[in-house]
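Shared chain: subunit A. Partners: subunit B in the first complex, subunit C in the second.
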Partner chain A sequence: MSDKLLKIEDLVVHYITDDGVVEAVNGVNIGVDRGKTLGLVGETGAGKTTTALSIMRLIPHPPGKIVSGSIELEGTDLLSLKESRLEKIRGDVVSMIFQDPMTALNPVITVGDQIAEAIMIHQKVGQSKAAQKAREMLEIVGIPGNRAGEYPHQFSGGMKQRVVIAIALSCNPKLLIADEPTTALDVTIQAQVLELMKNLKDKFQMGMVLITHDLGVVAEVCDDVAIMYAGRIVEQGTLEEVFNTVKHPYTEGLFNSIPNIDDRRDKLKPIRGLMSDPYNLPKGCSFYDRCDYAMPVCETQKPPKIHFGETHFVECHLYQEQQDFKLNGGKE
Partner chain B sequence: MSEVILQVKNLKKYFDTPRGKLHAVDDINFSIEKGKTLGLVGESGCGKSTTGRVILRLLEATEGEVFYEGVNINELDYEGMRKLRKEMQIIFQDPFSSLDPRMTVSEIIEEPIKLNKIITDPKERFERVLELMDLVGLSRRLMNTYPHELDGGRRQRIGIARALALNTKFIVCDEPVSALDVSIQAQILNLLKELQRKLGLTYIFITHDLSVVNHFSDDIAVMYLGKLIEKAPAERLFTNPIHPYTKALLSAIPRPTLDKKVEKIILKGEITSPINPENNCRFSDRCNHAQDICRASEPPLEEVFPGHFVACHLFKE
Partner chain C sequence: MSNKSEVIATENLIKTKKRSQGADVWRRLKKSPTAMIGLGIIILFLFMAVFAPMIADYDDEAIKMNIKERLQPPSSTHVFGTDEFGRDIFARIVWGTRISLFVGLISVSIALSIGGFLGAIAGYYGGRLDNAIMRVLDVLLAIPTILLAITIVAALGASVLNLMIAVGVSNIPGFARVVRAAVLSVKDEEFIEAARAIGANDFIIITRHVLPNSMAPIIVFATLKVASSIMGISSLSFIGLGVQPPTPEWGGMLASGRAYIRDYMYIVMFPGLAIVFAVLSLNLIGDGLRDALDPKLK
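Now for the complex of A and B:
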């Protein structure tokens, strides 16, 4: 039997606005195995969050529209489900953690009640049982259970994010979608929260989609990596494959843009230019105008998907003729 | 030889709150040489931004002195300060809220030149604006656009051009790249570095991101709860950190590599309250090595190696 928990195929999501159609996601294929973590990496506007929201069918509609594709969770097609069925899945089988813990919590309800709410909706338990479970969940994420009666403003940023994690995990979800869960936190607190998430993932045997722009976080938490650019996955593979044998020029550019803390180089090598306008994506490769390796064919034709082994692939013209093409590591 | 451009002596900034005095900056000392960069790092609430603002006198110091080229700026009157502000500038973190949304790019850059009557002839002034736009890598065709039409990286370039408009010598960069994507972040960092080389600028670079500061600074000062706890040349601080907090901070940075795994030091708890702090080591609640002496008295900042200062009772080398 396959261990696939989540399978997204050819997902296309557009936002239809007065100014035109924003092509946010343009044919994304990703899969998550049980107990594994997929890192979805990309910059602002790459379509990471839109992809994640589509899994929960939370794209604001209008203007958002899932144009085509399929999203299967344990073999069930989420896109064809009725709203009432979806509500049973959200928060129970699939949970989501958002970036900003300050706005994800209700300021006028105690944290204990907010955790208990999720439990009471999805499990047939009474109030006192749910309250007790809520206190247990707080303990699991490292907050004393007796603080269940306090309000969000009485907690610090890191603790609020722990509360959000407690809510997300309260019904033992099979899939957790974490959208930049530590971006708003300080590094020492980020280290605490990442440690916690790793432990809980093992404990609950969840699959996880971790959305982030930070390759350092990916290196620590993920099993597989998908690099997203202008609404497409441009490179995907296991953590080792993507980190040790970078194939796509964009992935290489991302690595070169990060100041390396253990190596004081004089100059960073940024990716020149800006991401293409999603209102008006180029005909060929979306990365064409920023790419140092661009060829004439890149401008006019969509790049093919080239596989290196079973799990590692890129979408790039460079490897079409010669599979063993080597990127030059950003050196002039 | 190298001359000190800015010196901070026993600087304190307390805020009054209903629950007592909030010690945002508590008795810190440092100096910066001309043409160098001092990285000021620490987590939210450690007082790094307040320090930057007190240095520029955007906030009045509670106690202590700031000397800029030998002049005690806390004693200057309004007119004197106005003159000095032409040389001391700031670049803010958020390029979205620090630019007037109703002014065009060229108006924003022109404004300080006009207000300070640096160039009175409108035509010449316009030439200067174009020159500044070239300097920071803003294409001239963007002259008449409004900030909302531009992305974060370009907006930050406007902020930089505005800071440079007055023959600036000293800039406080308060988290200038934190709001930007990594590929854009690298562009702006390279630009700031290049400008420093070209114009001989001196920077205080405030950030929470240690990998950025390592790349950028000559000296690094680490702050914790209003205190300066360690200061050293960048290279030395990264290879040979002494204070337990600096060590934990360095180990906590997620590294984008698979080969070198750094043993993580996970700190207990979170930053404690800066309101009416006790007379102890402020890090003692979270420190894995804390002993009685740490809870009993405050460690002074001592020079343990030429140029390397640490405030810790236990670790001195």
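Now for the complex of A and C:
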């Protein structure tokens, strides 16, 4: 297991507000291997972004607080590092791509200068050298280098996201965190950007955490998948394991929420209800009140972690008694 | 080789683009006739301040008493007439421009740099530091600006330098508030978080990302404050706490001329008009800039 680039264990993150404590992340365990991509999937408010920001140590504090757990990057415990050391890691070893490229770029600085800034912070190079590297990065993401002197408002959304990617990759990070990188883009551009990220990941041999709520994106890019619900990983495994042998009712619900292109008469089966209130999580399984398979035990007891093979596990009471329990695909 | 020329070409490109952003603001400012009138007047004043020695001789016309020619009405030799000591009022107004503009700009620079620094760190770091800084400044803000300036001049003694300090210090809380508000509106933008994510430290974030994005309200406020500082300087001089006679200063001219206002009203009218036009023009420019810099009107 020395190939682990990132290892998160029992991460708990709370937001302490005047109205109470928001339990955003409640004991997350994930790992990313070198050169592999982990897809972190879940609906809005599941704690995906909070997990990502924890890796960067960028949780707004206050109100955010990493209560317990550990985050190890190549064996270094990120949670014990001082701010000045973190500044050296951010952008150099770990980079992040933000959700909305429209707001992630500084409107008053040229894109070339913004890429060069990251380079100049981490590498001891002069301004002209950094500017040259910035243009190379632009070329790599498919933007002509002579546009380096233009401002963000002169670019389209897809191109802005390319610029954001160029900034993130400018120092050859080992780990790239992409927080819903394609959500703000339209479908045609989405495919291009995903393709680009995939190629660059292979080229730079990076590990990647891809945060998304789009299972299509996951199928396209990821090696491993972790399904997140109410601050916990409810199912995790390789792409094939999770996609071919869905175990958790929530994962099944996610798949049923995708329109079926082969059967147009097929109706969508959304997951009923809303995610439980993070101020006041239920005592047992957080998915209890929305689950079609709910049993009395689900209400009172936290579901155990049940393994299927080396990589695939699920947190659900259904498999406690009978390992070979089959979900019925949401059919009544 | 070709790489190098490419670098130069791109650098040139960057420069032209940077200029074009300023040109954008200028283009919109040009559309406002009132701002252009203000700009015209203030350029005239600047011209007078810079070329004062060529327009009128300081010792001979603005300072030296000439009892034979006292209290003359405007004529071809004395365009604005002469005052109670026979000094040429036009010459004194021209030289007074230097003092008013100079002291106005310097005191605003003092207020902008100190108030701006305090406001920026208060807004950026927030929490207790913010509270500590802003509550102290609130105390200063509770004292009327002119009263605070009078107090400072009274304590330090009346001189041009102390005048600048007094007007500058009394403007610090205002600048701190404006800068803080501007910083607060920018600091939660996603690109600030993105900058932090590439490893930028607080200094880089404040100077490169936060402040350049909060310039618009600060520029407008500074322009308007130059105008009110000119008023402040004139007021202090009027009550004898500012520039001391015989140095020509608009407020001081008003003060010494007011004894003759019934029979020789031009003695106070012209310096009064000078103050009015200087303040009015800066306010017009400030309003024009506010519109020109507003991104919503793009």
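Going forward, the second predicted complex is superposed on the first by the 329 of 332 C-alpha atoms of A that agree within 3 Å, B and C clash if a C-alpha of one lies under 4 Å from a C-alpha of the other, contacts with A are read in each partner's own complex, and residues count from 1 in each chain.
Following the convention adopted for this analysis, contacts are C-beta pairs under 8 Å (C-beta built on N, C-alpha and C of every residue); 3 or more make two chains touch, one makes a residue touch a chain.
These figures come from a predicted structure and were not determined experimentally.
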{"item": "Joint occupancy of subunit A by subunit B and subunit C, clash or fit", "value": "fit"}
{"item": "Which superposed partner A:His122 touches (first subunit B, second subunit C, both, neither)", "value": "second"}
{"item": "Partner chain(s) touched by A:Thr44 [first = subunit B, second = subunit C, both, neither]", "value": "first"}
{"item": "Partner chain in contact with A:Asp92 - subunit B first, subunit C second, else both or neither", "value": "second"}
{"item": "Touching partner for A:Gly112 - first (subunit B), second (subunit C), both, neither", "value": "second"}
{"item": "Subunit B, subunit C and vertex subunit A (Cα centres) - angle in steps of 10°", "value": "80"}
{"item": "Partner chain in contact with A:Asn146 - subunit B first, subunit C second, else both or neither", "value": "second"}
{"item": "Closest approach of subunit C to subunit B (Cα atoms, Å)", "value": "11"}
{"item": "Subunit A residues contacted in one complex by subunit B, in the other by subunit C", "value": "none"}
{"item": "Residue numbers on subunit C that touch subunit A, as the complex places them", "value": "3, 6-7, 9-11, 13-14, 16-18, 21, 189-191, 193-201, 204, 208-209, 212-213"}
{"item": "List of subunit A residues in touch with subunit B within their complex", "value": "43-44, 156-159, 186-192, 194-195, 213-220, 239-240, 243-244, 253-262, 264-265, 267-272, 274"}
{"item": "Sites on subunit A touched by subunit C in the complex", "value": "56, 58, 84, 87-92, 95-96, 98, 100, 103-110, 112-113, 117-118, 121-122, 128, 131-132, 135, 145-146, 148-151, 164, 167-168"}
{"item": "Complex contact set, residues of subunit B against subunit A", "value": "43-44, 151-153, 181-187, 189-190, 193, 208, 210-212, 214-216, 234-235, 238, 248-258, 260, 264, 266-267, 270-271"}
